[in-house]
Amino acid sequence: MNRLQLVSKSERHPSTVVQVGGCRIGEGITVIAGPCSVEDEEQILRTAHGVRRCGAAVLRGGAFKPRTSPYSFQGLGLKGLQLLRKAGDETGLPVITEVVDTRDVFLVCEYADILQIGARNMQNYALLQEVGRTDRPVFLKRGMNSTIEEWLNCAEYIMKECNSQVILCERGVRTFETYTRNTLDLSAVSVLKNLTHLPVFADPSHATGRPELILPMCLAAIMAGADGIMVEVHVDPARALCDAEQALSIEEFDILMEKINAAADFRRRLGWETLPVFGQR
Amino acid sequence: MNRLQLVSKSERHPSTVVQVGGCRIGEGITVIAGPCSVEDEEQILRTAHGVRRCGAAVLRGGAFKPRTSPYSFQGLGLKGLQLLRKAGDETGLPVITEVVDTRDVFLVCEYADILQIGARNMQNYALLQEVGRTDRPVFLKRGMNSTIEEWLNCAEYIMKECNSQVILCERGVRTFETYTRNTLDLSAVSVLKNLTHLPVFADPSHATGRPELILPMCLAAIMAGADGIMVEVHVDPARALCDAEQALSIEEFDILMEKINAAADFRRRLGWETLPVFGQR
Amino acid sequence: MNRLQLVSKSERHPSTVVQVGGCRIGEGITVIAGPCSVEDEEQILRTAHGVRRCGAAVLRGGAFKPRTSPYSFQGLGLKGLQLLRKAGDETGLPVITEVVDTRDVFLVCEYADILQIGARNMQNYALLQEVGRTDRPVFLKRGMNSTIEEWLNCAEYIMKECNSQVILCERGVRTFETYTRNTLDLSAVSVLKNLTHLPVFADPSHATGRPELILPMCLAAIMAGADGIMVEVHVDPARALCDAEQALSIEEFDILMEKINAAADFRRRLGWETLPVFGQR
Amino acid sequence: MNRLQLVSKSERHPSTVVQVGGCRIGEGITVIAGPCSVEDEEQILRTAHGVRRCGAAVLRGGAFKPRTSPYSFQGLGLKGLQLLRKAGDETGLPVITEVVDTRDVFLVCEYADILQIGARNMQNYALLQEVGRTDRPVFLKRGMNSTIEEWLNCAEYIMKECNSQVILCERGVRTFETYTRNTLDLSAVSVLKNLTHLPVFADPSHATGRPELILPMCLAAIMAGADGIMVEVHVDPARALCDAEQALSIEEFDILMEKINAAADFRRRLGWETLPVFGQR
């Protein structure tokens, strides 16, 4: 891997902390939770209050939804941004939402604290450059068939435009396996902790597409070195307009947070950051 | 596959012909040739005259190049569009070039006869919608890890905006095989000829990344039912600024065209269009 | 690729012809046809006479069937071998069948003219060594996720035991695409024609799992350089005990042979063997 | 998934414990350690004493090595079995080794306590049936491109022959990613803990091919629900005859065991077995 000048870890630059509101991403475990998409005021407000109560640090919610079919629900757009902002303001949670068009970047910046680049747009270089010119942290999901090297190059595209607040998120790669929606590549999390100073997240909701796998995959991601988790939570999963099958209820999220906190605590006591790196002989 | 209302083949709509200048894409075999990127005036003009002499119907040349690393040559931008247009005008060839940003679509329309959506942007839905609002034909490459169903949905995104001139191009999918750059999926070409009325191309240059495979893969693609071929040709392959390893010289392209024409002629005599469809019992 | 001493093509050893009965595999196009499995005497005899009449050169039929579930039909075993031999003797066709156990190799040699190694056993090195010690030609299918290099090494395993009659068969690789059963990698056929002197076949029945794709994929495989085609044919496809969905009827196979012969004739006139190899500069 | 009668988890049969010597596989975390291949008496004895001292429960060591090239070291065969047995007897550790040929199964049973089926032979059904007829536990590795469903069917093949002592081991699947040797699929571990009563292991050595990833992947596997870990350890990694790049030294393994034990302890306190299963609504 050549010429990854800005994203690479070094002794002088071992780790980056991204500060958003009172939340310091890259220190301990940060949990980002919320619905796949903002659907209406009641849904986002109730979900926001719910996840906040359980301990989420950031609220997610899609306003512009990239969907496989042009006939599927495409998100509420501007209205979705406004409702998400309102939910963030009411709860005091910073909010993150996806941006999918270079022309929307500055609009989304008005409403969101963190800009998300989705898996399908990971190599949309025009979009990467545009978010690189903002002062907002960028949450960069891995493309479904992107190598670690390609992914780091995409982070480099953003940082080259002088935005150094980049967060990486593993969300599953496409394989032949059909039991899970994608295959969560937790070794990529550990690899990235060795290669880059940027915070690394895992998103087991999108990776697995199965609620019963989210808890064990969150625990495993923490042991792999993840700095945070992104998880889909909905106040009423059965009625979610997208990804209904994998969203957790508030009650489930409450249990999840308890276990995540226990795992984070265990990892701290284990001294994960200072574990020896094998094979250096 | 549900709800592919516009792209689906039917008895009433068995095939689409896209007319560009004097060229009718979807009738016989159309060859699109030219360099990976426009590099300077001499390079594009000499290549354009070369491929025209050999029988290419459309000239390709990149002005906005999506590259894995932000430090690689990114194309000449507007200057590249102008040079490509000049080469098209001098030779009488329609020109095709990639557009990578919604904000550039109308600028690119001023210079190009056909708009290309590259593999990395296949699911950039904002861009698909924007090119769907122009009067230019759209050449939609398959994403490296996209299923046929996802690809057809992307064509549906474009057609839903009322642009019915869409051309599909298979350019290889990502697999575990490392000998070839990607794996050219010629069965997808045959599948598409059954499912959609849109013209289908194959691009063996990008799929294989190896010049020695381009000739046999062109012949195979024609037998699989392709309506056309896109191939990289450079007046001086050894000095190409990108994809130098796979570009054909004018002399090689001349031989390629001769064999493509022979195969097209054979396919016509074979009555490919009216071959029986097995398995309908 | 190191140390492929025996399989590699060279000026002194450009191509191998495997002689089986009156059939010379590696000269022109050889078609191997027959049912997935031998089911009963009437089925195999009627299919054998049918495919012979249409011009098949070798009869296939499984006696030992590797099936995903232990509760699926596993083949007739010895009885299947005997019936296949009888069908070969009645029609004068050489017969090929799969061997799956080192202990069965010499038994199968008593009944079969060619030994098939299936995709699941491509890297069963004990089995490769055992068939390498026989005097029977070996038909080596590519593993579903095997690279070209691994595949050639498996041929090398056989040849190292002093059996130089090896035939390679591309039968599709596993990818994310679900529309076809596997993805037929025709570029691998062209690659192998450059790398090895051994004959190379394609099997579109197993690769695609769809009868409507078999005809175009046979034509494409021939243009990619294949020395032969393996195809599933059943006297009554609807009642086949395995792979019923993809088997061709005798009537369909008759049409297929006519088109294969036309393509073989076209390829000969094109001088495929002496086409220039691009990129050697 | 139909007809998985024997491997499926049920209320009446929630989990299987495989007893080998004093070791109860399926209770807590069992660690299997040792070299890729038995090389000579000193190497295997010193490694065996080393891993035993650190807390390994089972000793691994290959005698029959399936290698990509026929010219690579193929293992010591019978001599390797004898040395492994001696090392097991000296240390009191049960031993596991791979069997690759149906004809060797009863020979290997004389020397080994557990029979390993390697990834390349996962669908070698003749071999599965043969080990199913022994009284030895079978350690069944996942094929590099095998789905969970295919894998469970292979366990069913073994159990159908009346051997109910089967252990499953995830060892990485083949993807497009080249940074790691394969991609360790830890979600498969969690899936299997839901679907089957059989013990499930993970092998991060083969999956990642990188020593620096083994420690985090062991911790992650434990959180995903693994019943055990298989890891390559060599008394002198730099001089290992195969897989030298990924073997741990005894000193590294000692640290690894300490962290594995801490994670096992944490998991027990967390009550992993009784964690709620989300999504059952």
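Lettered A, B, C and D in written order, each chain numbered from 1.
The definition used in the following text is that contacts are C-beta pairs under 8 Å (C-beta built on N, C-alpha and C of every residue); 3 or more make two chains touch, one makes a residue touch a chain.
All figures in this text were calculated on a predicted structure; none of them were measured in a lab.
A.B. asks: Report the chain whose mean Cα position is at the greatest distance from that of chain D.
C.D. replies: For chain D, the chain whose C-alpha mean is farthest off is B.
A.B. asks: Look at the interfaces C-D and A-C and say which one is made up of more C-beta pairs in contact.
C.D. replies: C-D
A.B. asks: Cα centroid separation between chain A and chain C, in whole Å?
C.D. replies: Distance between chain centres, rounded to whole Å: 48 Å.
A.B. asks: For chain C and chain D, let me know how many angstrom lie between their CA-based centres, rounded off.
C.D. replies: Chain C and chain D have C-alpha centres separated by 35 Å.
A.B. asks: At least two partner chains per residue is the criterion; list those residues in chain C.
C.D. replies: 145, 149, 174-176, 178
A.B. asks: Applying the document's contact rule, which stretches of chain A touch chain B when the two form their complex?
C.D. replies: Per the stated touch rule, the residues are 2-3, 66-71, 100-104, 120-121, 123-127, 144-145, 149-150, 153, 156-157, 160, 174.
A.B. asks: Please name which positions on chain D make contact with chain A in the complex.
C.D. replies: Touching chain A from chain D are residues 145, 147-149, 173, 175-180, 183-191, 193-194, 204, 207-208, 210-217, 219-225, 237-238, 245-246, 248-249, 252, 255-256, 259, 262-263, 266, 270, 275-281.
A.B. asks: List the residues on chain A that touch chain C in their complex, please.
C.D. replies: Residue list for chain A touching chain C: 145, 174-176, 178.
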